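After this come two complexes, each holding subunit A, first together with subunit B and then together with subunit C.
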Partner chain A sequence: MSTGEMLDPEDLDERERTALEHLGKRLGDDEFVLAERYTEWQVRSPSLESDLALSNIAQDELGHARLWYDVLDDVGLDEEELVYERDPDTFRHSTLVEQPFPEGDWADAILRSYLYDIAEKLRLEALEQSSYPKIADRVGKIQGEEEYHLEHAQNWLERLADGEDGTGRLQEALDRLFPHALTLFEPTDPDVEEDIVELGLRTATLPELGEEWLSIVLPFLESLDLDVPESGLADADGYAVTGEMLPAVRGRDGSHTESWDDLFADLTHTYRELERDRPTKIMEQP
Partner chain B sequence: MDIEEVKERAGPREFSPADDLPEEYRKAATRMIEFHANSEIMGAYLERPFIRQAPSIDRKLAFSAKVQDEIGHGQLLYRAAETLGVKTREEMLDDLANGKGKFLNCFHYPMTEYVETPMVAFFVDGAAMRRQATLRRTSWEPYAHAMDKVCFEEGFHVKHGEDILRTLMNGSRKEQQLTQEAFEEWWPRIIQFFGPTDDKSTHHDFAASVGLKQKSNDELRQAFLDQYVPKARKYGLEIPDYPRIHKNDEGRWVVEEDDLDWDEFFTIAKNEYEPGVGQIDGRKHAQEAVQWVRDTIEADNVPAGGQPPQAAD
Partner chain C sequence: MSSEIPDPSEEPTPCAYTEYTEGEGVADLPATGEDAAGIEADVWDALYEIEDPEMPISIVDLGLIYGVDVTDDVATIDMTLTYSGCPARDMLLDEVEERVEAVEDIDGTHLRLVWSPEWSLEMVTEQGEQDLTEFGLAV
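Moving on, here comes the complex of A and B:
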């Protein structure tokens, strides 16, 4: 569908700008909010070593959020508009990343990371040939870091699934998280989503990404003796995300679970309290 | 080696695990390093909420990295303490959770607002830097070695704190006022960071005689005041009226000891100061919530962590 032509950042029409904005936000918001949740584990992980590992991952994701948000500088959006002064109902992240962690639920943190990291791996592959140069250029740097995240999640999953306590907790987390994970493949807006692919900003459709994700995630989780909800997903035509598997709110369209409002209020508290009008930049280039 | 020989030989990086050291030395060194390691952990605990509350992505990243560094320092220091053969890391972490482990006075006070963060990240860390720099010459070689890395990273932390202070003091009137209020609240605690004066210090003589401690509390505090009173003023902070401080004939800052609340300090030192007890229990609670993971891993006999220890060098 893609014309194979590169878009010119200096000369974007309305349709291109909107598509770029939606794509940049779904990428950046996912990373930003997930990182925000990961940092809750700092100083609270099971060991000093796992603390260091998760801190690394959180900082990587924050760095990626900064890279994606910076792409949106091209359509005139700054950090205050993208985060600190934004209406929380316009955030485009998947509801998977905004869920609070039940206290001490390391199984949730690890499983969430796995579900997310597989999806991220696939979508990064679909951005390698993006028609937007700044996106294509940044994929490699992010992929380099994501490899370690996935390895970390898989190692821990295997270790936790080895014990009875761990398996039980993983199963609970899976039942809770799985519907939210499926929203990773929901459109922000069906028409704009079509444009994202037609313009070649991303080279795979969301159903294609969802199908591939299911074909990787389901067998792996089943190999750990976990029951995947709705595991009749694989029919004659292969895997597919269907409407009835999704939660009531889908994140991508701006609808969110309650916990998002609390999280947003918390993370903008200082900015509002000090009556700031712009976030402090330390680095000029992300 | 007997204690007399230890005292005779005591010098920078003089002793290592290869030496047969008397229990008195090993216990004193363990107490000192354990205190230091515990302080890293409790400092990180105090600052963690500000990863979320930081008012920009860049600041958020810096806070996350700083908290991570501190956990790394804790890891490194517990390892240096373990080499003395007195306590294991597990025992030290358990003691910290159970309220037996001791740590810096400043980290017993809760921190609720962002304007307080430079009080720790600039002043307390600046004070810590002074002490840590001298510990690169401590007689227990693994401790001195750990200090090389810790000091390097602490330099960045102080810069981070200084930058936050500079931004706040160049901000709106409201920001400046709130920052001044936070400074007034934290200033006496910061002065007490170095502990009681030498004549009232419990452990100083022995630790100094065996080369563990390189500088006395008085010397360190003096050097800190000489450097940080001008810095505070440079950023527009006013030094509070109490505790009274004045310059003596040699141009050095002198504090009225009686203006400092030493009862509170010693209550803190015993881990009996109420707000501090809350912080210790809060951390204990968080640790208990993930006990099941440690149990799972231990049953499995796999070392904890998903990667080689970060802070190892």
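Moving on, here comes the complex of A and C:
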């Protein structure tokens, strides 16, 4: 139950700090890792226009990652600790965003974007009234920049689903990505997750978000003639993410698929090769 | 004639993303420091001197500064950025700090990056609109 009171950034107790850290990491890590994957499409997208669109979406997500990581400055974490000097097993992103794209599979990039952006839309709504001022302060900015991501994904989905070849590729991507998408609604730690909601940092629970996500995503995908994984369908109790629908590793708890180790090694390669101990700035004195 | 081919006799149809006037006005914004006096006015003057890295417009006229307060010679600046993924972020923030600290009698800066209310074109001042128009942007 939320107390309805705002938390004071200057006076956080241990429980509040931990909850804030977990929430900030699950938000920031999702955006950061997804942006890393999106950038792999640069100069490889099917057309110049789609290349620019996805590159721009990647830049948006990097900006959003930074907005969330900035919040963690309040618990004493800075950029090198959050990215370059971090143990990859402590990243809290969903396994959806770390998956490599099968070579040239644009349908995967588009479907992934759709599955993610619906979840992001719902979770941002659940942060609008956050008890943490810095979180509530930045939600509107992000929402304003997110709107067209979803439009972009839906547009492309409809076009891809218009032909047999495209539908086949979408179906394969859906079968592959769907279990990973469900980890978006997994807790980083069940007790801390309880605190996140009790402290009012987020105003909806993960099962509530998952249920709402399923109720939007499943009918839309069915309308495109895609076979939705059966266990996600509505039963008498409505939609719910259940344990048997989830993959073996959940991302949120620090367990990741192998592809994450490869991606993390890639994205920190130059940093390590140059024996850095902190991120450098291109211009110290502009 | 296919309906997808535009009829040249009709008015041209703009693409869906040429509408740059959206955004609601916010009371008290844009902040320009016109009522400021003394050392706060000096800080506003220093801020006016800083230009956007890409366009010849002062960051004050662009509407990035939400507020200035000077207490005990320490300047607290509330400012925003047009875009969360702004690549010039560090450069701009460093410049603001540097210029403000150079103001006589200022002894420290507290720069607060705020994101609400969100920046929109409504935050641009009349002077800013003129500058952007002169630069060749339709505002």
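Details
Methods note: the second predicted complex is superposed on the first by the 278 of 286 C-alpha atoms of A that agree within 3 Å, B and C clash if a C-alpha of one lies under 4 Å from a C-alpha of the other, contacts with A are read in each partner's own complex, and residues count from 1 in each chain.
What we mean here is this: a contact is a pair of C-beta atoms (placed from the backbone, for glycine too) under 8 Å apart; a residue touches a chain by one contact, two chains touch by 3 or more.
In this text the structure is predicted, and so the values were computed from the model without any measurement.
By the touch criterion defined above, A:L267 reaches subunit B but does not reach subunit C. Of the two partner chains, neither subunit B nor subunit C is touched by A:G28.
Applying the stated contact rule after C-alpha superposition, one finds that A:G166 touches subunit B and leaves subunit C untouched.
With both structures placed on the common chain, the touch criterion links A:G144 to subunit C but leaves subunit B unconnected. Contacts of A:P179 after superposition: neither subunit B nor subunit C is touched.
Considering which of subunit B and subunit C touches more of subunit A, the answer is B.
By the touch criterion defined above, A:P46 lies against subunit B but remains apart from subunit C after alignment on the C-alpha atoms of chain A. Within the superposed three-chain model, A:G63 lies in touch with subunit B and with subunit C [touch as defined at top].
Once both structures are placed on chain A, subunit A residues 59, 62-63, 66, 281, 283 are touched by subunit B and, in the other complex, by subunit C.
The touching residues of subunit B, counted against subunit A in their complex, run 41, 44-45, 48, 51-62, 64-65, 67-68, 71-72, 74-75, 78, 113-115, 163, 167-168, 171-172, 174-175, 178, 283, 286-297, 299-300, 302, 304-307, 309-311. The part of subunit A that touches subunit C in the complex is made up of residues 59-60, 62-64, 66-67, 70, 136-142, 144-145, 281, 283, 286.
Contacts from subunit C toward subunit A in the complex involve residues 83-86, 90-91, 94-95, 113-118.
Here subunit A touches subunit B in the complex through residues 32, 36, 39-40, 42-53, 55-56, 58-59, 62-63, 65-66, 69, 79, 83-84, 103-104, 106, 148, 151-152, 155-156, 159-160, 162-163, 165-166, 169, 266-267, 269-271, 273-276, 279-283, going by the rule given at the top.
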